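Following this message is one structure expressed as structure tokens.
A, B, C and D are the chain letters, set down in written order, and residue numbers restart from 1 in every chain.
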Amino acid sequence: MDEKTLIAKRVALELQAGNLVNLGIGLPTMVAAHLPAGVNVFFQSENGIVGMAPVPEAGAENEDLSDAGGSPIGAVPGAASFDSAMSFGLIRGGHLDVTVLGGLQVDEEGRLANWMVPGKMVPGMGGAMDLVSGAKRVIVAMQHSAKGTPKIVKRCELPLTSVRRVDLIVTELAVIEPTDKGLVLKEVAPGVSVADVQALTGAELIVPATVPTMPIA
Amino acid sequence: MDEKTLIAKRVALELQAGNLVNLGIGLPTMVAAHLPAGVNVFFQSENGIVGMAPVPEAGAENEDLSDAGGSPIGAVPGAASFDSAMSFGLIRGGHLDVTVLGGLQVDEEGRLANWMVPGKMVPGMGGAMDLVSGAKRVIVAMQHSAKGTPKIVKRCELPLTSVRRVDLIVTELAVIEPTDKGLVLKEVAPGVSVADVQALTGAELIVPATVPTMPIA
Amino acid sequence: MSKVRKLEEAVAMIPDGAVLMIGGFMGVGTPPHLIDELLRQGKRDLTVIANDTARPTVGIGRLVSAKVVRKVIASHIGTNSETQRQMIAGETVVELVPQGTLAERVRAGGFGLGGVLTPTGVGTVVEDGKQRIELDGKVYLLETALKADVALIAAKRADYLGNLEYALTARNFNPLMAMAAELVIAEAEDIVPVGVIPPDSVVTPNVLVDCLVAKERRHG
Amino acid sequence: MSKVRKLEEAVAMIPDGAVLMIGGFMGVGTPPHLIDELLRQGKRDLTVIANDTARPTVGIGRLVSAKVVRKVIASHIGTNSETQRQMIAGETVVELVPQGTLAERVRAGGFGLGGVLTPTGVGTVVEDGKQRIELDGKVYLLETALKADVALIAAKRADYLGNLEYALTARNFNPLMAMAAELVIAEAEDIVPVGVIPPDSVVTPNVLVDCLVAKERRHG
């Protein structure tokens, strides 16, 4: 299994039936394909729909129905569409159960930076700041390091997305939970040791007596 | 012609084709029946519709379609319904061309009091404060005095509805325009003299060289 | 996962002393069976946030007449002499809020905003105790968000997931309140299979509704 | 009083240097013929308020590529390398606003609110230069209203009075912007007789629309 699939599968285990979920562009989008059997969730796309689905088959696209990247999507029966203010009312108002977002850095306090690299990449925050500030649960799904440089760091050097502490970090090496005491190592990936994780992490990890392996087959 | 009909007919002359108009409960409601021929306006009811109309005939009422007083209304072709936030967005956002409201007092600065008599009448302001603050034009339609006591006064004793200067006052005796110089007497009713108006007015009127008679047949 | 519950089960979830938002405007768009059942179960000490209290025998007015309301936050009580009497007699606390401000305060609660700046009420008694904020030479009042424990919603049509549609002026405060409460109970005139209401016609998305009151059977 | 105008007449009303709000999200819900005609008439020095600038050859991105935009206020430009290049080169001013905040600022402009208090952006660079307001121990940023000279709206269906309906995710910022500009020009895929669109399906009431662009004839 490649690293991204492993991350997506592990994140999918966090979703519960009936949840309203927003998946960021890129890796987080893969989560939708790995929902456990019987877990039906509603996916929101922040451009204005609850109930987005993949396009059912080639030729079934509609010009007025797209995801936040502008790509064609489908809609489940019972979907609802609305304007951008309502869409972010759902996000900011605490009605979104889970958001899964990519990350550039997460620090010891669980703060995420994922929207800008000064002087290099200025894409804009899009909906990320609202999502991280407003969702009931924020899960960061990202690779553990970028070309060997840790992405989990003592203190974010990149501009923050929000000062809100994220709830969970899922990487190809580990599951880490930011708490008020620090970053707790909750699980390691199959075949990965605690030492492996710590070696690629730029912040101190709190390591419990036993660290289970991710329940991914 | 009775006094209220006179007032309603005169106010109706202020409306222009295509205007979005909100009529308050009571006397202002009568304005709708006296629109000049060819002047089509849209009436808003603040409980959530643009395009309200009288019920066309007995038996054509609908339980889900009422005015701000809860009485059955009709709807013109091209009507639109919406929630209360949108309704007041139209009012507060400057999209409402004219509001016609009743008054308890209007003072020299053109400030209206129409929602409360402390210790006696505490109905609440309903939509009045938003209407007076937000409409492009505010017309007060009221009887000139209450049992001989002037309702146009030097300074309102009753709690204000808004500090915004209203645009026009229409009574059974006169048409008066509040300006930054004071209250200007614009018209008198048929058979009424300037002295008659001043005698029943509790504030100084600015009287131009010629004061025409209301163009009401 | 149908959200449909029996009327008595739905209302049993509401504790005495709850802060309720109740949709409707002079009774139009107020959920009639939920009001009936609140009274039947003898709920008390309620705080009601609503546009008005209708008339003594209509909609929210029935709760006021039954003296189960401790506090009312509304834009007017002028059509209900009993609410006025209770207010003047000090039996019920009444907080009057301009209608457009009430709509925005409820919306802010549901949309995760702390409040809004409105010109309405500046220079009037409504200003008392509020922050004045000047922007570009214009003065506004800072009006803060309202939230509730429970919202009682009247819809025209629902699907079994809880997507809601409203009709004409019966919409009023309902969709705003459906965003602003911990527990959202909706009463619909009709409940249809999922997929019957087109996405563009849904005004309140199903994820906001916790509980849908079963309608009474007309057939069989 | 039909509001229908020829495309070139409608766009001729827009002066150079105008502040435009343009609906759409990655081009979906952006009025294509209005963009075409802006370019054909050589409008310039525009300020564009929009969710994004799509891609260099799509929607609002075409205005950026033609270098007729002086300033962009948007939530992201990540999909348009040309906007990024112009920003870094100092050719175009880009102001980035969180998407939900942008939606509320546009709405506030149209709804007559001075602004809103949002938790989004607190403690980030978005906070720079803004008032922080604390309410009940929670910190918010005061985000102020945005208005425009002209709004360019894409609708699915209009009637001849100007009532507008939208489809699915092509709705996005359109109804908000239709409230917030002095002049509102709407392009609809279809224009139907008055009365065809039911009142509950109208999202933008006709009184907000100044000018409706005629669609091209398919028959006859």
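Here is the rule we use: a contact is a pair of C-beta atoms (placed from the backbone, for glycine too) under 8 Å apart; a residue touches a chain by one contact, two chains touch by 3 or more.
This structure is a prediction, so every number in the text was calculated from the model and none was measured.
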Problem - Target chain C, source chain B, minimum contact steps - result: 1
Practice task
Return the chains common to the contact lists of chain B and chain D.
Solution key: C
Exercise for the section: For the pairs A-C and A-D, output the one whose chains share more C-beta pairs in contact. Expected result: A-D
Problem - Separation of chain A from chain C, taking each centre as the mean of its C-alpha atoms, in whole Å - result: 35
Practice task
Measure off the straight-line distance from the CA centroid of chain A to the CA centroid of chain D, and report it in whole Å.
Solution key: 29
Fill in the blank from the handout: Averaging C-alpha coordinates per chain, one finds the centres of chain C and chain D separated by a number of Å equal to 32
Practice task
Please report how many Å separate the Cα centroid of chain A from that of chain B, as a whole number.
Solution key: 55
Exercise for the section: Find every residue in chain C that makes contact with two or more other chains and list them. Expected result: 104, 107, 111-113, 118-119, 166-168, 171, 199-200
Completion exercise
Residue numbers in chain A touching two or more further chains are 49, 75, 81-82, 85, 88, 91-92, 134
Completion exercise
Chains touch in the following pairs A-C, A-D, B-C, B-D, C-D
Exercise for the section: Provide the residue numbers of chain A that touch chain C in the complex, in ascending order. Expected result: 17-18, 20, 40, 42, 49-51, 75, 77-82, 85, 88-95, 134
Handout entry: Interfacial residue positions of chain D with respect to chain C in the complex
Key = 104, 108, 111-119, 131, 133, 135, 138, 140, 142, 144, 165-168, 171, 199-201
Practice task
State the interface residues of chain C toward chain B in the complex, per the touch definition above.
Solution key: 25-29, 51-52, 54-55, 58, 74-79, 84, 87-88, 94, 96, 98-104, 107, 118-126, 156, 166-176, 203
Fill in the blank from the handout: As the complex stands, chain B meets chain C at residues 45-49, 62-70, 75, 81-85, 87-88, 91-92, 121-130, 133-134, 159-163
Completion exercise
As the complex stands, chain D meets chain B at residues 1, 107, 109-113, 159, 161, 163, 179-180, 194-195, 199-200, 202, 205-208
